[in-house]
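You will see two complexes here that share chain A, one where it goes with chain B and one where it goes with chain C.
Now for the complex of A and B:
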């Protein structure tokens, strides 16, 4: 489903948990204006407590903006009727793999969202199978969640979301509690889902993961600070530090080498590309 | 340890395992009532025979049934002793200088012991052959008429199944907290009973706090997946009454009639 108009639109969004008790300058999110197109792969980065998780929850109507509006497709999250449609359109994978699995077996958990939507049983069965195939959990149908690894649990959560056939999948720090292997599995899956045409929004505090996406949004001090293609990110490395974000090694290295007068101008996406560029530079001299 | 905590389901395949949880629940529940109607040797013999047949059909080793009897052995001993000492009617069977045991006492003790054993046998048969989640589904379906009186049947079943889902998680967490407290010098093994119980407070408090956090996370995750309560939900798991379920209920009807006929 490709739309020409934007899929998600935040206009003049202000939000706070206790808007009546707080000064407006201290609200959790302040004056967010943003559009996301269908099929985009966006990373939302920000230090702890910056409001990025709150931002994620505004996208599917778990939180309703105190001021302004969040629109997903043709619906507004402020609208009660729209909310049910939005929940179906915007899937969400959370941080803690344990705390988002509802049912006692893998199959039942994938079914949970479909049951909520009232999907008939005959339709549910192939959709569950398909979702488990995408995340690579075929053969685990009758396993208990307690017997899965962290990465597998997170993949199960993803299966539960994609069975509902959403347009947008929001990952709210979904990799932060996993071991390196589990993290890699989930990142791979994000890439795959994006290639299949889903709009992927990945909330993270790791600057390293920003390179996986096409577009980077930085939220710090409760405001939207930066919105650029990820390839432009390394020119902004000083800014990242200023917002308390850890700058990934290849970016820092590139900035330092550039300061030393080395001619490294091509954009880099990861450490392999950095290595390739250093070789290219060395072979030229 | 986990398997002990989550009911006592023994996941093998047998005729009893394949039965619909609803018919098993009804059967066992009615059996438990029948046990109190039986009042002579023949009827108890019949019930014991049915219990034995159930054990054979479940294909579960007798040893496991014996082990479950251990839980009630003290209850049996206590009531037996109680009746032997305090029931004083009928003719004396045994006379000692300290106490006299009467015929009626022996009779009552025997009846109660057999009743306990029967209760435990049928309860174990249900628990051993029905997975907790099937049991929850069955109960939800059986209780669904209560919805008319606004009893929250769906919510009740959802709570049960979430509890089942989180038992292993919380158990693992308890284990972790115990280890963490031990590493900080907590002592769970010495002192009197009071001390030992009190030693678990530093385990229970973090466990409670984290459970509340989990509950909140889970509620958010459920909401994000479109959960709005039982209305308009479809179900993946379906329960179906088959021929063997009908057969079970027919068996029950025969037994019930036989028992009423045998009753004096």
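Now for the complex of A and C:
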């Protein structure tokens, strides 16, 4: 994989669906500036209607900034040639697996994108095999996608994306329609893809998922509100509440305990550390 | 109305190569006016179960007794029965169709034969139940945000004042605040009207917090039913069914590993857990 310094760069990005009809302070996204390096695992959090899905669609040129520029590698989404290259570089996995599946067998579904790229058959076959192997669907080649579970369908959609060899994969709430097991399957797969060197951008409103990434970005009220390493987020995650986001359980518990006089000031980086602290207070006595 | 599934089996596409037994020998009772959560992973038969209860499918064999109504494979004319059952399907906002919010909510009561004054009364009331501001009544539902559209759809069902309210994954896709709001609406509505609520979910936190009775389904069978504490006691059993325990329970379990007197796993609310910890801390110091 090619390592450029900043893989993705958004500078002064403003966007709206009807910029001519809306006041600028109501635009869907306002003044977004950020860079993402190759190989990062970034979670983007935001409440419903915050603009986070719009943000996802700006990354691969499905939407073009009304003002400002989105650059991926050496290209800009604002020009036609740039879009052509960027759409090959940036794969998207959406929320509803049923909306992303087009073919009547698992194999054909993965082949769909490759056929569109005009990949020759002898190259296509190993690429499909490899993609199905990564997502754990070997043996399912001739199955009908309609008969797969939610998690399997979403993994199939991901296989279709990785067969195209994108550098960057954007997951737009790709776990929100799945049951707990399906969700776990897809989370595991994201982690694996990241370890294999893909840049992973995961859009979610689950606090639990935020801590799976290395870096967390919060978009709320159409603007970028927070951009920090996920380990720092834990301690200031009471902030999440003001944007309507979920605060992790141990942090909510700590606040409730403080209200009743038990103050735990030690930094807490994860759930286990909170367990250890509580235990210490209870056994100190 | 008491609800009783008596040895119910349901088979899709009987006599075709796609024949699939979605429900197998279901025996389960729901008490009049109780809040029931049906949990189970995708494909476990949850949705088939509630479609039978809604009178949308007829059992292949067995009897569904709801109050005085007996539903079996050759039942006819369920029109009157269906009027007593309100169903909020998954992503109900996809079913909005009217020109204005008020007209959409009025559709159900109108079909029930309510007079104009009664319809108006119920529309106003339902909008207030779901927290929709009265000045939205003449807006097109399609101009609203996703969360507001969901509220309109639910208001349309509440306005029918059903004896049985069925909700299939009502919070799916909502952000944290939206989920909390909706759950508290459902809780209050249930307490106020005393209807029987059947809430399908794979969110264990929801099930633990709201339900008086939980029905655990796997592979088309009811594998366990009882109070939340009876269901969540059995972690391995749940995990085999592709489910998990509520976050609070999980957290108490890890705390208990270090405590000589374990904290009760019958606690599902974080505030109750905080009270218990404070109590122990004070007692000790």
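Things worth noting here:
By definition in this document, the second predicted complex is superposed on the first by the 251 of 285 C-alpha atoms of A that agree within 3 Å, B and C clash if a C-alpha of one lies under 4 Å from a C-alpha of the other, contacts with A are read in each partner's own complex, and residues count from 1 in each chain.
The definition used in the following text is that a residue touches a chain if its C-beta (ideal position, glycine included) is under 8 Å from a C-beta of that chain, and two chains touch if they have at least 3 such contacts.
Please read all numbers here as calculations on a predicted model, not as lab measurements.
Shared-chain residue A:126: touches no atom of chain B or chain C.
Once chain A of one complex is fitted onto chain A of the other, the partner contacts of A:253 are limited to chain C, with no touch recorded for chain B. Within the superposed three-chain model, A:117 lies in touch with chain B and out of touch with chain C [touch as defined at top]. When the shared chain is aligned, chain C comes close enough to touch A:261, but chain B does not.
Contact with chain B, but none with chain C, is seen for A:98 once the two complexes are overlaid on the shared chain. When the shared chain is aligned, no partner comes close enough to touch A:139: not chain B, not chain C.
Looking at the complex, you find that chain A touches chain C at residues 47-49, 95, 149-151, 173, 176-182, 205, 207, 244-246, 249-250, 252-253, 256-257, 259-262, 271-272, 275, 278-279, 281-285. Of all residues in chain A, those touching chain B in their complex are 57, 60, 62, 84, 87-88, 91-92, 94, 96, 98-105, 107-108, 111-121, 124-125, 128, 144-146, 157, 160-161, 164.
Per the touch definition, chain B reaches chain A in the complex via residues 2, 132-133, 161-162, 164-165, 168-169, 172, 213-214, 217-218, 220-228, 232-238. On the chain C side of its complex with chain A, the touching residues are 41-43, 145-147, 172-178, 202, 204, 242-244, 247-248, 251, 254-255, 258-259, 270-271, 273-275, 277-278, 280-281, 283-285.
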